[in-house]
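Shared between the two complexes below is chain A, which pairs with chain B and chain C, respectively.
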Partner chain A sequence: MRQFGLFFRKEMLEMGRSYKWLWVPLVFLMLGVMQPIVTRFMPEILKSAGNMPKGMTITMEPPSGAEVMAQTLGQYNSVGLLILVLSLMTMISGERQSGVSQMIFSKPVSFVSYTAAKWMSMFSLITVSFVLGYAGAWYYTVQMIGSVDTGAALTAGGFYLLWMWFGGSLTLLASSLLNPAAGIAFVSLGMALMLTMASGWFPRYLAWSPGSLPQIYVNGLLEGQGMTEAAGALIISMLCILACFAAATYRVKLVKSKI
Partner chain B sequence: MTPLLQVEGLTKRFKERTVVNGISFSVAEGSCAALLGPNGAGKTTTISMLAGLLQPTKGSIQLLHGGRPVQDHRPYIGYLPQMPVFYPWMSGKEFLSYTGELAGLTTREAALKTGEWLEAVGLGNEGKRKIGGYSGGMKQRLGLAQALIHRPKLLILDEPVSALDPAGRKDVLSLLRRIRRETTVLFSTHVLHDAEEICDEILMIKAGEIALQGSLEHIRKEYSEPVIRLEVGGEKASGEWLASVGSKAFVLQAEIAGTRAELTVADVEQASQDLMKDAVAHHVFFRKFESGQSTLEDLFMKVVQA
Partner chain C sequence: MNTDIPWNLLAPLIFIQLILSVVGLISLYKAESTRGPKWLWVIIILCGSLLGSVAYFVVGRKDVS
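Our next item is the complex of A and B:
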């Protein structure tokens, strides 16, 4: 437990000194705030674009608050996930590659504490960044577009956060298995994408897979329903996160350094 | 002397390649053992297995504490890798107390020991600086400090001085000489001079197998041979004479390079007199004439090339 605290403090310090605590939340805040603002000013933006044929008129149905929130989450699913994977991918492989793990692991340390600290710091970074960005999006949506159902927005946010945690867990698992950073990013992004697409193609078989989490939040937000599979997907996703953690811990214990 | 480390039939195979092939040895408590061998002999692999970073394919490594083998070696060993790498964003002081606490010291003990060891390795004024700005020698000294902060019984070092300049090497060696009074030391090197200077046990490995082992004294007595080292002037007569010297009856083995020669002989006194007489007859100009014993380096070369 004490070692977990030490490792966790070190991870937090590293994220602070490498400015991850600054730029990841900022990017998430920007992503979140941009969607409602761009939606609100879309007619003006199109007008001033200037290359419209003369006499063309565009009539747009103003979207509802819930729709804008769902679009924001869509942004997080593409750009947000990419940012997360890029900022987390070398968390385990970097220490093994540089050789600093040789000194750490020749000390009487617990491998579970080591990986648990990585996971907890990943959860912290994701949660803070996402909550900040989502709150920003919510605030601007309410200000510029219209009201949003509080319960639906909270559940959608909750499910989405779980999806991000799952994405982070995939990244850390890949980081424990592979060395090249590009490979880690490719594998974890590819896995997340495959899961989402697969649950779109075979909704009947994969309703409970973590890949259906993004769909559940959209349904929940737009229609206030589709929550029957929610509990199943919730439990399965948590189990998947645990499995990633266990596999990474085993792997770290097995391959302590690159030699 | 009680043994501290006992290694039995240690083997490491990577796929088809056997890097370490069934080596056995023991290190006595309070001694200093050097693991010698050419590059690629399996030194680093052996050391990594001893440090617990690599799982042996076969064989056993036992660390004895109070005469009984311990289950987890890590609390009792300090390890310094060949090229120590740190977190560049940490200061030397932060890293040292971090590793101290990981090794089980309390926060207060770690802070205290950090100060002591920074001072001991000569980094007293650099502790607050980021490790990213340290020189190679400073990193090596910080690495030594992190290996020793929890007072290990066995200090394992992988090529501790190979990458350092002469001044840094001298610093680290004098530090090691001080440490070895309190701690058992095992280190690998290919610089024989260092081993001769501070060690009393020698393990020579070649291609993953032990080629020679024993105390330094014993090895010196057993394997050293009488040697005559010559250096002559650059003129023609001397050169021709030196080239012919290898064929003399009393020379067992000759190594001639340019104006220098190293001759292994059976009897130094007889040989030097004969050489002198012969040289006078041929009007040879001597620059150096030295008779003595073959060094550890000669033995090493013999073992490696055999």
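Our next item is the complex of A and C:
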């Protein structure tokens, strides 16, 4: 436990030194705030873009607050996930390549506390960034567009947070397996994308897969339903996160024993 | 055409953007070396808005060890 605390402090320090604690939350906040503003002023933006044929008019239904929140989460699903993967991808592989991990493991330290500290710091970075951005999006949506059902928004946010944790776990697992940063980003983003797409194609068989989490939060936000599969997807996703953690720990141990 | 730019709404966004660019530039100034020439990163951070600073933090910074 003491080792875990030390490692955790080290990870936090490292994230601070590489400015991750600054730019990841700020980018998330910006993404979250931008969506309600863009949606609200879309008619004006289209008008001043100016390349519309004369006489053409666009009538747009003003979107509801829940729709804008769902769009914001969609934004996090593309750009936000990319930002997370990019910021986390070298967490394990970087130390392996620079020789820091060899230095650490020349002492009798436990592999579990080493990877657990990585995972916990990843969770805290994601949670802080996402909660900040989501709160910003919520505030702006309520101020500019319309009220959002509190329960639905909180549930959707919770599911979405779990999905981000899962994405972060995939990234760390890839980081423990591969060396090139581009390969890590490619594998983890590709896995997340494939899981999402697959559960869109075979909703009946993959209702419990972590990939269906994005769909669940959209449904929950828009219609307040789809919560029957939610419990299953919740449990399976947590198990997947645990499996990623176990596999990465095993891999770190394996690499160490080869030195 | 009447384009009232809602500055009070955009102010937080501009503020965040400003923080990111300034911190990026400070970190660039303090860094001994970066991936790629420094003057190029100055241009990218100043002109590339949000993605410019993010690109610098992700790609340009060399981790000091």
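FYI, the second predicted complex is superposed on the first by the 256 of 259 C-alpha atoms of A that agree within 3 Å, B and C clash if a C-alpha of one lies under 4 Å from a C-alpha of the other, contacts with A are read in each partner's own complex, and residues count from 1 in each chain.
We take it that a residue touches a chain if its C-beta (ideal position, glycine included) is under 8 Å from a C-beta of that chain, and two chains touch if they have at least 3 such contacts.
All figures in this text were calculated on a predicted structure; none of them were measured in a lab.
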Which of chain B and chain C A:Glu44 touches, first, second, both or neither: second
Partner chain in contact with A:Ser18 - chain B first, chain C second, else both or neither: both
Touching partner for A:Thr150 - first (chain B), second (chain C), both, neither: neither
Which superposed partner A:Gly94 touches (first chain B, second chain C, both, neither): second
Which superposed partner A:Lys10 touches (first chain B, second chain C, both, neither): first
Contacts of A:Pro108 with chain B and chain C, given as first, second, both or neither: first
Partner chain in contact with A:Ser257 - chain B first, chain C second, else both or neither: first
Overlapping contact positions on chain A, where the chain C interface meets the chain B interface: 17-18, 98, 100
In the complex with chain A, residue positions of chain C that touch it: 1, 3, 6, 9-10, 12-13, 16-17, 19-20, 23, 27, 50, 53-54, 57-58, 61, 63-65
Chain A partner contacts - residues on chain B that touch it in the complex: 44-45, 48, 51-55, 72, 74-75, 77-81, 83-87, 89-90, 98-99, 101-104, 143, 146-147, 150
Residue numbers on chain A that touch chain B, as the complex places them: 2-3, 6, 10, 13-14, 17-18, 98-100, 102-109, 254, 256-257, 259
Touch list for chain A against partner chain C, complex: 17-20, 22-23, 26-27, 29-30, 33-34, 37, 41, 44, 47-48, 83, 86-87, 90, 94, 98, 100, 140, 144
